[in-house]
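Going in written order, the chains are labelled A, B and C, and every chain counts its residues from 1.
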Amino acid sequence: MQIRKIVLALTAGLMSSTVAFAGDVRVMWYSDGVEGEVIQDLLNRFMEQNPDINVILDNVAYQVIQEQLPIELEAGRGPDIARVTNIKTLADHWLDLTPYLADPEYWRTNLGAQFDWMRPDGSEIIPGFMTQLTLTGGFANKTLFEQAGVEIPGAEATWDEWVEAAGKVQDSQQLNAAFAIDRSGHRISAPNVSYGANYIGPDRLPAPVDEGTKTFARKLVEWTESGRMNKDVWVSAAGTTYRAAADDFINAQIAYYYSGSWQVANLSTKIGDAFDWVATGSPCGTVACSGLPGGAALVGIKYTKNPEEVGKVMDYLASEDVVREFTERTLFLPAHKGVIAGEIDFQSDDPNVKAALNAFVKATGQVHENANALPAWKWGTPVYGALVTRISQAMAGELSIDDAFTRIDEDIKAQVAEASK
Amino acid sequence: MAAFFLAPNMLIFGVFVLFPLAVNIAYSMTGGNALFLTNREFVGLDQYERLFDCGNYLDRQTCREDLFWTAVWNTSAFVVLQVSLMVGVALVTALVLNRDLKARSFWRAVFFFPVLLSPVVVGLIWRWILQRQGLLNFGLYELGFEPVNWLVERNWAFAAAVGVSVWAHVGFYALILLAGLQAIPKELYEAAEMDGTKPGRVFWRITLPLLMPNLLVVLVLTLIRAVQIFDEVYVLTGGGPGTSTLFLTQYIYEVGFASHLRNPGLASAASILMGLVLIVLTLFQLGIVRRNDRRGGK
Amino acid sequence: MSRITLTGVSRSFGQVQVLHDIDLDIRDGELVVFVGPSGCGKSTLLRLIAGLDRPTKGTIAINDEDVTRVAAADRGLAMVFQSYALYPHMSVRQNLAFGLENARMPRAEIDQRIAEAARMLEIAPYLDRRPGQLSGGQRQRVAIGRAIVRNPTAFLLDEPLSNLDAELRISTRAELAALHERLSATMIYVTHDQTEAMTLADRIVVLRAGRIEQVGTPLELYNRPANLFVAGFIGAPRMNFLPAKIGGTKDGRTRLDLEGAGSLEVEAVAASAGDEITLGLRPHQLRLVDGGEGMTAEVSLVEALGSETVVHTRTAGGQSLLAVLSGQHDVAAGETARFGLVSADLHLFDKDGVRLQPAAN
């Protein structure tokens, strides 16, 4: 343990080298797929056009962004630009780019829809832009359904219908489970909303667990017990540990996989032509067939020493052509209104990819307002954490589902109390 | 003059051990979400109160911090099981290795090899063996048995955590015991042979008492290690299924750093409590070492 | 009590043969000493008798019963180890009782035997101490006590005095001799020290490189060593060896030509003229003579001890000759000394080192 402490201290010390020199712009970036190469390429071109600005791209693991960046920001340090997903929770640390941008209006028009996701409530600053929009949604193994002779449920199908259909495929094809959902509170929030949940209570504080959440949570436990839902994913870890169920879908172990649009490039690469797969939007609940939007944002850091250079880099990266090229190469959904309106030629030979991405684009129209409000809500991540911790305990049989609900409320209340100190 | 030579070491010790320790204690008496100590609010012993807030200490569901008590109970059970198993297997291994086997050096290397592996490697290897579609189930299936989802069944996952950590470290302790065994003069065994002593009695009346100092050292070392268990188990089971292999260190890590319900003050308080247990064990070990030194030179 | 008989006993470790074909007959109540230089196999032989090791060939019999394959514990022998091998974590009393408890002896009898041995060895005050709290001599007595309480058929002692200091060694030697008298037990005693052998043994077995060189009483070995090795090993200071040639035999006398040291006439021996032999002379056998026959040598060092005078000399042939003269003599370094013999006891060895026999008449 002692060695570890020393190493952590040294690492923290070394990380302070992310403080940049004049003329340098440090970008902290993470990659799900190929984005790292794409952005490096784009930045190289920027540096050719702007020889006096040196952009340094630090490609780090997602966990660094999640766990270490917040610590640096608290210390008043950090990179100049970062790609982050906890956009709202850390909103106090983002730089207001407005004085450094060539054309703030361009920004507001094309990218303004998601500014509220990235800035403190009531603020008017321009903190950055979404590198991609993500939307949760399902994927079905078309080949398995065909082999089982089961029809793929339509756009209006409910969760129960999906699980039933996938269940038939499971029985017919001797699969280990019918479907799986990533081990994440964020992932089950869209279905919760579809069953009528509203997380946001009065004063924009978290509301107690309501019927919508309870309904879907009960279903999850039931499906786990009946063997329809893949037990390994949720039960095999504790606390808020993230586990993706992608590998099971890629290995054709399950018929249906509920994840999100960011998986498209990953699935395409890993599945190849092993089987046909489709994106299906989100199954319906009683109230909606909603997915949960989100995404990663590229933001400027308040503590940068080179705000002008940061502005220039951001202007470049947010320009329509660059965004389009980024989108086409990374296979992400764009947030840029201008790009969405125009032609997007996703660069992939895989026919499944284009169909899937278009399906997701279409599904953005199905997003319920309760779900849409969540990315802009600062209590999102604590609520997701409580949900996943306790519901997985219920699935493991450690807690009754009702006890789990009580605990969720307690956990969230404790967190709110802590934050108010 | 002595102070002059001690100064560099004390400096490093102070900066890297004492200072973080003091900061940790300070953290444990603050509340709030801010990461920096100076931004946090002083709350006295509230965090400790919160940790100990239980209706009935034996029923963790009556506790406010049920995950903390889950971790405490899991760790206690783990310590008892793993230490017994570890010391037992190490003793048997040392006894076997002490004989004049063929290729003795080879066998010693085989038992010691896992000690050299990084804990993440150990966890991964065993996860690949024990997971639902892992090597073990594959073998069982081929032999006609029903495969078991080892890492998802509560008791099996716990047993796996115990077994894997024993496998990874027993070689080290076996070596310590082996050294102790070899320090016992051979002539004592010959005298016992001339005395007509049965093998069982030789073990209980001669080998074991003379090995006792080493055994105690091994016992305390394994105890201290077992309380801190984290690396292999985290990779192997991630604390699951449910929370059945959630141990103290993982709890502290999650609460302090990883989880979205991040609460550094609570994590610090829990880590201080854990530290107190370890201090007691370490003092115990120091006592044993001193007693050995005094006894030394028979 | 017991007789121990070894027949054709050999022991090899892999390719290395440590004992070659040992035949030995140890009588009831004898104190036999195995003596020899390091590596001669004496300890190995003792261990074979004890049962801690098995011979590669040959048989061992105790009281005419073949015990070659019998376990050490069942041979009824007791061993005193060189390092005493006392159980360090047990008290003296527990050490003594340990073997008896194995035999499931009743408590009363165990206590009685321990009391008896403690009295005999004067270790009663230490019964409740641990070995670590005793001196070397006390520990040694406890080791002997442990053997005594078992009432063994024979005692085996492996260099028991080598860990004691010189003064203690002498007193303990006497105690061992007394013990042997009192117990009338068969004892096999291993040592590298020929003085211990000479003083304690009823018979001595001289071993070298795994073979018996000679077996006999101390005086037999002293007066009639069978070969060069035994002659040089037994007796201190060491026997002088001078190379010589047989001059010729006439009238029952043989003349020996000592290279560069003169010549001697001795009782006729079975050897031919011109044979190369070795003449062995004990330092105590030399005396100063004035003229005529004898050996001459140049004095290099004189040690006047009062009761004796030790004279170190060198012959013209370069041989060193040591003389121990009784009383005080006026000799100085650099002078030439002339030696004669105190008695006619000479030791002649042929070129193979074997003792020459008197000529058959």
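Methods note: a contact is a pair of C-beta atoms (placed from the backbone, for glycine too) under 8 Å apart; a residue touches a chain by one contact, two chains touch by 3 or more.
It should be emphasised that the depicted structure is a prediction, and the values quoted were computed from it without experimental measurement.
Of every pair of chains, which is linked by the largest number of C-beta contacts?
By contact count, the leading interface is A-B.
Averaging the CA atoms per chain, pick out the one whose centre lands closest to the mean of every protein CA shown.
Measuring from the global C-alpha mean, the nearest chain centre belongs to B.
Taking each chain's centre as the mean of its CA atoms, how far is subunit B from subunit C in angstrom?
59
Starting from the mean Cα coordinates of subunit A and subunit B, work out the distance between those two points in Å.
37
Measuring centre to centre with CA averages, how many angstrom lie between subunit A and subunit C?
93
Would you give the residues of subunit C that are in contact with at least 2 other chains, written as numbers and ranges?
Where subunit C is concerned, no single residue meets two or more other chains.
Quick one: in the complex, what on subunit B touches subunit C?
Contacts found on subunit B: 185, 187-188, 190-198, 201, 205-206, 209-210, 297-298.
What does subunit A use to touch subunit B in their complex?
1-2, 5-6, 9, 67, 70-71, 74-75, 176, 231-232, 235-241, 243, 381-382, 384-386, 389, 392-393, 395-399, 403, 407, 410-411, 414-415, 418-419, 421
Would you tell me which residues of subunit B are touching subunit A in their complex?
So the residues of subunit B in touch with subunit A come to 16-17, 20, 31-36, 39-41, 43, 61, 64, 66-67, 131-132, 149, 151-152, 154, 228, 237-246, 250-251, 254, 257-261, 263, 265.
Using the touch definition from the top, list the residues of subunit C that touch subunit B in their complex.
For this pair, the touching residues of subunit C are 50-52, 71-74, 77-79, 81-83, 85-89, 98-99, 102-103, 131-132, 146, 150.
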